[in-house]
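Common to both upcoming complexes is chain A, partnered first by chain B, then by chain C.
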Partner chain A sequence: MVADGLFDGALGVLLLTLATAVLHARQLYTSVVLLIAFGLLLALTWARLGAPDLALAEAAIGAGLTGALLLSALARCGEAPPGPSRAPPLRVLPATLLALLVGIVLLRALWPLAEGPVLLPALALGQLPAAGVDHPVTAVLLNYRAWDTLLELVVLMLALLGVRQLHSAKQVIPPPWPLLLAWTRMLAPLALLVGGYVLWRGAFAPGGAFQAGALLAAGAVILRLNHLLPPVRWDNGLVRLLVVLGLGVFLAVGVVGLVGPGLGFGPVGTAWLAYPPALAGPLILTIEAAATLSIATTLTLLVVGEPEELRA
Partner chain B sequence: MTLFYLCIGGGLFVLGLHSLLLRPHWLRAIMAINIMGSGVFMVMVALARRGDTTDPVLHALVVTGLVIAVSATAFALRLASGLLERTKKPEGGA
Partner chain C sequence: MSDWLHALSWPLLLGGAFFFVAGTVGLLRFPDVYARLHAVTKADTLGLGLVVLGLCLRADAWQPVLMMLLIWVLVMASGATACQLLARYAREDEQEAGADQPPGTRERRPPV
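Right, the complex of A and B next:
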């Protein structure tokens, strides 16, 4: 019990300290590196809080891809010009006051929640036999709240389209050093293997499309940064297909479910995104596989897609 | 323990907000928004373990949120660096 308390305490203090360091370090480069460490610690926290799905996603997305994004943005723009290291007190004082007030309001709002009624888990677990998968988080993502996931894929695509519209400086990727090259050759197939495994596992244990997609994207980003992968070009038909595949399959399942019974397609679905229990498992796995490929391609393009490649 | 992590989540949010109010460099502002988001996620994950079983709905929402956060970050970074470039050499035009 004491050890648990110590662990939680250390984790909490470390998180707050790292966040402060990220926000107030003098050099931007230090901040970015510390933010990556913060993301890894956050993944540990999710594991501690009983959320292995989140720990997987955070380690790949929060620490890996966000870090790569920030580092490449920093490389494009350069370190900030050395200005006054401290903000003027005239700005610090009101900001601190306001932050404190917001903190007090938040604390008062969060306090009663800790003891609030808990209704959702029972509902979610009660319907699990009809959901088609055994892992409750996957069931929520792909079955109960499929709308959320569908719209999330739309948001991902919108972000990619937005990035495509913006012209930005070409990112010069330096030639890789030998050790990095050797590591990449070992890590990339492993990322592919683990990605596929995590996707398959999502049906009955922590894992799923998002984690798998993020892992695949991380593998592709490493390969691309070491010049082992040809540029991911937007004018390549396959790339475009992969980007829209997840959304397309998801929409197709929804539409067939909506109009299928009327047209005599049999029991493919009963309503918009409502799967019949017998087919729910295979349908969810199909959607997940397509979504994984889309997420991986989109994230890769977001991180390492170069301007002329994206615009082509 | 739920209450402890709720407080840490709130603390992260407040730290990020405070830094954002100081009008930092744009890269740091994006990092501050990321940290605020992490605070919100932590509140949700802490709330997910209130009952006897962990709440899969909140976990699923956070998984969705993580992916949205990284795509928003990518867009924000491109937007900011594009803006920077355009202000640096105005003769470049649109």
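Right, the complex of A and C next:
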């Protein structure tokens, strides 16, 4: 008990220290490295809180891919010019007030969870036999609240489209070192294997499309950085197909469910994103597999995608 | 039998903890990049190896043992690769800054 308390206390103090250090580090590079460490400790914190799904997502996306994105942005833009290390007091005051307000709103939202009876887990577990998967978190994400996950995929695609508008600078990838090349040749197939396993595991244990997609993207990124993968371009039809595949499959399932009963496709769905219990399992696995490919391709494009030539 | 294994795991776990602490102290105290890398890779390889061996002696089944050994191999390989990359990067950086000076005599970097 004492050891657990000490560990959790140290974890909390470290998180706060790292967060402060990220904000006040002199160099952007130091901030990014500290942010990656912060993400890993946050993943550990989620694991300690009994939320392995969140821990996996935080480690793969929060620490891994966000870190890679920030580092590649830094490589394209360079260090910021040295400015005043402290914000002027006129800016500190509103920021503090805003942080206080947000803190109060969050506390008011969280307080009932600690006080009142917790209803949601029982509800989620009660409907599990009809959900098509055995893992409650996947059931929530892909069945009860499938609409939210669909919109998350839309957000990811909008982010990619937004970045495409910026006409980012050309990224120069240095020639690979032999040792890194050799290790990449072993690591990339492993990323593929683990990604597929995490996707498959999502049906009955922590795992799922976002974590699997992040792992696949990590494999693709290291392959690209070692010149083992040709440049990933938007004008490649396969790349575009993979980017919209997840959203397309998800929407198709929703639309068939919506209009299917009238057209004689009754068994495929009964309403917008409401799967019949008999087909829920295969439908969820299909959507997740397509979403994994889309997420992986989108993230790869975001990190190592080639900028396009402007056409006159 | 299991008591005996349990007792045997203690020195391994403590040895692993020692290498982790020593690696961290080295990372904080050593003067240049190469010495720091030397210190911190000992925690990755030997420290983690001893901890894994200690935990293997306490495992109930062979599957966790296999998984822990696999993790050790992966961490060791990625640690060795990362160490080479960092050392090479530091060396190229030094050669750009001033090729005449031997490594280690340049001004010290602030600890990250």
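Worth pointing out:
As a convention for this text, the second predicted complex is superposed on the first by the 275 of 312 C-alpha atoms of A that agree within 3 Å, B and C clash if a C-alpha of one lies under 4 Å from a C-alpha of the other, contacts with A are read in each partner's own complex, and residues count from 1 in each chain.
We take it that contacts are C-beta pairs under 8 Å (C-beta built on N, C-alpha and C of every residue); 3 or more make two chains touch, one makes a residue touch a chain.
All values derive from a computational prediction rather than experimental measurement.
When both complexes are superposed on chain A, chain B and chain C sit side by side without a clash. Residue contacts after overlaying the shared chain place A:Gly126 against neither chain B nor chain C. When both complexes are overlaid on chain A, the residue A:Gly237 reaches neither chain B nor chain C. Rounded to the nearest 10, the angle at the Cα centre of chain A between chain B and chain C in the chain-A superposition is 90°.
In the superposition on chain A, contact of A:Trp46 is made with chain B only, not with chain C. Of the two partner chains placed by the overlay, only chain C lies in contact with A:Leu180; chain B stays clear of it. Once chain A of one complex is fitted onto chain A of the other, the partner contacts of A:Pro112 are absent, as it touches neither chain B nor chain C.
In the superposition on chain A, contact of A:Val33 is made with chain C only, not with chain B.
Residue by residue along chain A, chain B and chain C are tallied for touches, and B comes out ahead. Aligning both complexes on chain A leaves chain B and chain C separated at their closest CA atoms by 16 Å.
In the three-chain superposition model, chain A touches chain B and chain C at no common residue. For chain C in complex with chain A, the residues that touch the partner chain are 74, 77-78, 81, 84-85, 88, 112.
Against chain A, the residues of chain B that register as touching in their complex are 1-19, 21-25, 27-28, 30-32, 34-35, 38, 41-43, 45-64, 66-75, 77-82, 84-85. Listed in rising order, the residues of chain A touching chain C in the complex are 30, 33, 177, 179-180, 183, 186-187, 190. Here chain A touches chain B in the complex through residues 4, 8-9, 12, 15-16, 19-20, 22-24, 28, 31-32, 35, 38, 42, 45-46, 49-51, 53-54, 57-58, 61-62, 65-66, 69-70, 73-74, 76-77, 80, 87, 91-92, 94-96, 98-100, 102-103, 106-107, 110-111, 113-116, 118, 120-122, 124-125, 136-137, 139-141, 144-145, 148-149, 152, 155-156, 159-160, 162-163, 166-169, 208, 210-211, 214, 295, 298-299, 302-303, going by the rule given at the top.
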